[in-house]
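One chain, subunit A, appears in both complexes that follow, with subunit B as partner in the first and subunit C in the second.
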Partner chain A sequence: MKSTVSRRDFLQALGATMGAGALIAAGSGLGMMPAPAAATTIDHGHLGRSKRRIAVLGSGISGLVAAFELQRAGHEVTVVEASHRPGGRVFTVRHGDLIDEIGNRQYCDFDDEPHLYFNAGAARIPSTHLNILRYCRELGVELEMFINESKTAWIQDDNLLGGKPVRNGEYTANLRGFMAELFAKSLTQAELDAPITEGETESLMAVIRNFGDLDEDLIYRGSVRAGYASGGFLEHGSPREAIGLHELLRSPFARQVLQADEGETGPILMQPVGGMDRIVKGFVDQLGDRIRYRAAVQAVMMKSDGVDVTYEQGGKQHQLSVDYVFNCIPTHLLTGLDNNFSAGYLQALGHIRRGEAYKGAFQAKTRFWEQEDIYGGITWVNAPIKQIWYPTHGIHRRKGIILAAYDFGHGMHFTNLTQAQRVEDMLAQGEKVHANYRQQVEKGVTIAWHRMNHMLGCAARWTDSYRDLNADEAHLMDTLIAPEGGRHFLIGDQVSRHVAWQESAVLSAHRALATFSRQLEMAA
Partner chain B sequence: MKSTVSRRDFLQALGATMGAGALIAAGSGLGMMPAPAAATTIDHGHLGRSKRRIAVLGSGISGLVAAFELQRAGHEVTVVEASHRPGGRVFTVRHGDLIDEIGNRQYCDFDDEPHLYFNAGAARIPSTHLNILRYCRELGVELEMFINESKTAWIQDDNLLGGKPVRNGEYTANLRGFMAELFAKSLTQAELDAPITEGETESLMAVIRNFGDLDEDLIYRGSVRAGYASGGFLEHGSPREAIGLHELLRSPFARQVLQADEGETGPILMQPVGGMDRIVKGFVDQLGDRIRYRAAVQAVMMKSDGVDVTYEQGGKQHQLSVDYVFNCIPTHLLTGLDNNFSAGYLQALGHIRRGEAYKGAFQAKTRFWEQEDIYGGITWVNAPIKQIWYPTHGIHRRKGIILAAYDFGHGMHFTNLTQAQRVEDMLAQGEKVHANYRQQVEKGVTIAWHRMNHMLGCAARWTDSYRDLNADEAHLMDTLIAPEGGRHFLIGDQVSRHVAWQESAVLSAHRALATFSRQLEMAA
Partner chain C sequence: MSSPLTRFCLGAGVVLALLQVPFAQGREPYDDFYCTTCHGAEGRGNVGVNAPRLAGMEPWYLKRQLQKFRDGLRGTHEGDVEGRAMRPMAVKLTDERIDAVIDWVGHWPMVSAPSTLGGDTEAGARWYRTCSACHGEQAQGRLELKAPALAGQNDWYLLTQLRNFSLGYRGQHPEDAEGAAMRAATAALPDEQAMIDVITYINSLDPAVSYAGRDE
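So, the complex of A and B:
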């Protein structure tokens, strides 16, 4: 048992194992915790001042919100959707559903039961996303808790413990312990040249000791926080042997596990009971036959007194002459349509790059993870599958759907693989975590969002950092936020600072509606 | 904005504010994370070898498990319960229910709706408690997630920020930031006398920087993890101003927030849909009319060929002559019954002291916490109420039941207050956290477990530390585990190392059943 660590050990181990290791992003842009604020107020009075003909292009969340609010305000709304289904990247895959990936069309053959679904796109609603939550309340979408982080889920890294998976909680408790021990030692040393009172030292050490579960000598000797080696109920619980710091640092997960509960995964997360598309259904039920499916927009032509939208449906061209357009078509597709947008608008549209994201899922014949004390949460794997998610719902039922890969960020491993290769890859990596994984799972589905028909991209990329947009980018954003010709409102998370979240899509629609409402007010 | 901190500042602040502050226990004995292990296997073959008459005294979880398994094995089982209700400290309070606290009998007048309940005793099932989970599965008790820790819930301490509540996430992110800055500084200093390579320093600093969200200069200048001051979706998210370290350390919560996700609250927690007593109901449905209620045991007399149990029911004395007794009556009540136990057994029974615990709850007229982005989780208050729990279930419904006080540990503030005083106290403290709390809540119920009829105590106290029992205590435990006269099995969490958890109650029953099974086998 490696029970103590010198500062030098610690630094050497870090340098040896992590210097060259790539930093694995801690998540895929999970929602930060915004300041508590009220949900947006929509000025329904002004919004409905006079009836207009409005086309909403695309039925992603921003389009659905715009259509719903505009219809409610009394306008004549038509939604034009290229796909066979509404919701855009809010997509719950169930028995019989088509995954319309170009080059890899699949029909899902999960068993036909309500809890056997896969949220292939949006999957989590943070408690701080007030506006999408308000629509859940208003549309009667029942919510339940979503578990993102579980200490009993696994960390697996071929470089760590010879590839043997380790419980997240065991890994984390040990890393914290050694960190705290090192911290405590630094400060003890420091007393020599910066005299402090005995009481001060004692207080500080209590904080650090609690953080790392150090013993009274400020040494980390293992902790029951990492799990009991034996006992715990009828017998006294003995801590498991500590994993040495050198070993812990062999994995780049050292850089991320200590902040797993901070920031990105800070807020409580929720999911709609029965699938994320319950939200889509809520809107669609309100919009009724106002949505035209398999209707691909071909042209958007601005006129002095309105907008002409041309779309193809059932092999025929259709013309829609409206007063206003609310448009959530991805910008890179929009620039390819016939249009007469201004040069500045087109330049701004052309600036946005598109992100990539891949998810895969299996139906599990038994909920084998529950036999491993895992109920929800994420296993981290240092390999292209990156994550395995266990369902938060359907506890103790016979089967469940697990997310078997979530490849986000740059350089998609799975993109060019065939469906059979993708499935084999997910199986080969998953069985490093779970014995008999290959025998336990079936009916794999995969989705590369950047190859999905009518989308060909995932989150919009304005900038690669978490910093604010630079001045040029901010100018382009302003250009896209302003209604082109006073009649064409671009919406969607693509015109936000926090892409890939429903909340941003909702807020972009609300912002456009507020602008539209002011226009109507001024025109009156 | 207090953006940097010297080591000396840090230590001074700590000494000034925390030296005298009492350490507030981080929880009430929440379940540690045991080593993954299979649930107990019960040898049903031997257990049912020959039919015996068995009395189970008390219908707490251990009694119900024993009765259920013994009946299933074919024995003739009678359960004798002193109270009007089964379940012991598994007690879900709903509309019309009696809280039978001596000196403070109450009938609950919550509205009569399924989600308006209060788990006044057991409220959480950790994912690592395999045996109680197995019974949930077997009895068809539907489970849902329970949220224990929420970064959007509040911390309120009269000494901190002038008593103004602060979000848990804001407090935590700031404390981590300053801790990391101090840590990073210590190590930079250390480079001087312990040369390390540039790469090593860089790697270590990445870990520390991620932990605290330090800037590139290793300074903590506030973090969006603490919440956005503004923006976050359509506009760039700006971090809130950092709360100074001196201020953070004014509260004893500094000692506990950094390990809130460790150990005690490590595992995922769950609750039965509809109330914890669904588990009790599951057992009771199986036992049918084998349970006698309002039947107070008066004597337990060991004989050479069996046990005579005398109980009072409906003003009459009843005699029950059985072959064996499984007994979960609290030891301090058991010693007061007529008995002929051996001196050693009585001495061991007399050793166990009883813990105290108080809980209070209100019905909320609206789910005001959801308007504050809170969905489940715990607000921490440095005052006798200690905690406010928000319900994990019933999201977005009109009303909900909140736990308004959970006073555990020693020195019960609420015990000797009248019901009106208890309610007023909970209101006065709660409104320091939530504006209009007093107007928002109604129909308070309270329960002091150490004054509950037929219980008069909560968790058994074997030892005051988390250390193992000393040799004398271990001997007393052994005495109580062994069946007295080969016929009287003491069960319950009271004969475990991890009291106040259903898992321990189940395991104590399983241990007794295993011993009984071996006896039957040897007798055969």
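So, the complex of A and C:
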């Protein structure tokens, strides 16, 4: 197998792959890491300087944060939640749980054990998300490490190596090798724009060699980083043959895998022990009977001296007259409620599109991945399932819950299928990675966020990509951030620049609380 | 240290907590009355998820459409995005459940949807002549022709449906006789502007007429 590469080869191969289909969405906001903010401090003395009646609509993380802080400051808080459960898109599925997808309701049949759960919504907490972490500390939510990338997990693509799965480590070691070889060649040939000393050139060359594990001739001839074909401990390890660059570039993962462990999804990531909804439970325990479940808001009517909220619960209409509203109901559902919002506010609400994310999971009868040296991380599959996640928790126990599909960007493929079709698709695509997958897994659950009752969407979509908002969009955002009529605060990751993270939900609530606090101060 | 009263209050508190805590054992009940999640408060429509007003639509029409969605006569074409979203909601409904849902939805008070289209009313009136044969002079609908009332409906929904009929996304199923008739009728509208104009004209009609005249 040819293991060196000419510059022309490389560019041609690159060009050929660039044209080959759409870039795979790499996950939620990969490579986009906001600067870690200092944890917000809330001055409860200020926030509670005069008591108010407050309705919090929706018990997603932002609603829970707002309710928790407002109650702590002494306000009279009522949380109105349409669903039977709190948490919004923080949703942990375990034994007996109802997955309330409209048209496809399921009860989860996982065995009843603490480690057999599935985080169907939020699943990772980066160490830079200081504010959600602060609540974990405060509410006594125990955390453990979450492993996002494993070099022993697989990459599977029908276009690559005849569809045979390859270890992430083998794929990336080869990719880095060829990249380094190319860099080394250009460094030796190129006239660099920037003046660079001989010493610096030497250092840079050393970096490049190390990056790609090149030999003394600056050629990539395979690397032990790709794993041994045999031996390695008691016998001398015999390295694997390098996978050719042309072969590597046949897969769009060439453009993606090096990034999976960088930025926001890079180390360190954490998860609550026992499920992400331990955070929700932490808040709910504090709020007690202030939360009304199965209470669907029907109307939000602004008055000069307050807000009237009408909700339906148990077949009856209830009226809640309050001074202020903190609202995390998804904007696309808010437009369907009776309201007297201003035209500009309604227009801004109507601008935001709803996300389509899809997740699925199986209970595994045995933790077969551990027999394949996998103890966490993500397998990338170039098919609608996109990802397989292996649980970091419950190591060496008999069973585990395996995430069998996660399409963050384009979940409508699965959403449009029946439950039986979804499960079959997850099996058919998964068994290309793991032999006997079909026999090893059972009790599939699926979550199509686009169809979840009282949700009808995943993370809000302000734009069709991760670009920053343009001037018009920024204006709409400002409109929604400002309290409507001075009394209606829209909160949630939906009014952030970084959707789909709990940290954004927390910060949106903190921002609203700060505004509210200033209003109270001015009124005093 | 605890008095009987304290113990009673604590006990009652625990019982209440058990009733309300969502982490409690036992399966959550559910029913089929979830139309409002998409179609808005009392079915008044929600442009945010492209779900039309149901409040005030004729029960016989709602029932027929639910049956069509369930039986695959509507909402199966690749191009019918909204129909495909609706169909799974109906697939699992038995005849009895459909009757129960219609009994609920069919009694929501009519609230006319706001106009959002600004076409040419006069041109629309001319186009509407073809429509009036089935849908009535005042777009009040005619049960005997299985043509629903149009006045007061969300105009964006009417436009989507006209497009769907015209493109064959709706009304293409061999057993959907009314759909086929409607699909044929859209041939009279040469382009999207004509569709917008005719809906603008429908917007100018009095929805109260159609509501008063609807057949229960």
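Miscellaneous remarks
Simple rule for what comes next: the second predicted complex is superposed on the first by the 495 of 524 C-alpha atoms of A that agree within 3 Å, B and C clash if a C-alpha of one lies under 4 Å from a C-alpha of the other, contacts with A are read in each partner's own complex, and residues count from 1 in each chain.
Going forward, a residue touches a chain if its C-beta (ideal position, glycine included) is under 8 Å from a C-beta of that chain, and two chains touch if they have at least 3 such contacts.
The shown structure was predicted, so the numbers you read here are calculated from the model rather than taken from an experiment.
In the superposition on chain A, A:T366 makes contact with neither subunit B nor subunit C. In the superposition on chain A, A:S496 contacts subunit B only, with no contact to subunit C. After overlaying the two complexes on the shared chain, residue contacts for A:Q313 are found with neither subunit B nor subunit C. Looking at the shared chain after the overlay, A:T152 reaches subunit B, while subunit C stays out of its contact range. One of subunit B and subunit C touches more residues of subunit A, and that partner is B.
Looking at the shared chain after the overlay, A:R137 reaches subunit B, while subunit C stays out of its contact range. Contacts of A:R85 after superposition: subunit C is touched, whereas subunit B is not reached.
Taken together, the two complexes place no residue of subunit A in contact with both subunit B and subunit C. Across the complex, subunit C meets subunit A through its residues 16-17, 20-23, 25-28, 30, 34, 36-42, 44-49, 51, 84-85, 87-92.
Residues 7-8, 10-12, 14-15, 18-19, 23, 26, 32-36, 127-128, 130, 133, 136-137, 142-147, 149-152, 167, 169, 172-173, 176, 179, 183, 186-187, 189-190, 194, 196-197, 199-204, 206-207, 210-211, 213, 223-237, 240, 254-256, 258-259, 261-263, 266-268, 270, 372-377, 392, 395-396, 468-469, 495-498, 501, 503-504, 507-508, 511 of subunit B are the ones that touch subunit A when the two sit in their complex. Interface residues of subunit A, counted against subunit C in their complex, comprise 82, 84-86, 96-98, 100, 102-105, 107, 281, 284, 288-289, 291, 293, 296, 298-299, 312, 331-338, 349-350, 354, 416, 418, 450-451, 453-454, 456-457.
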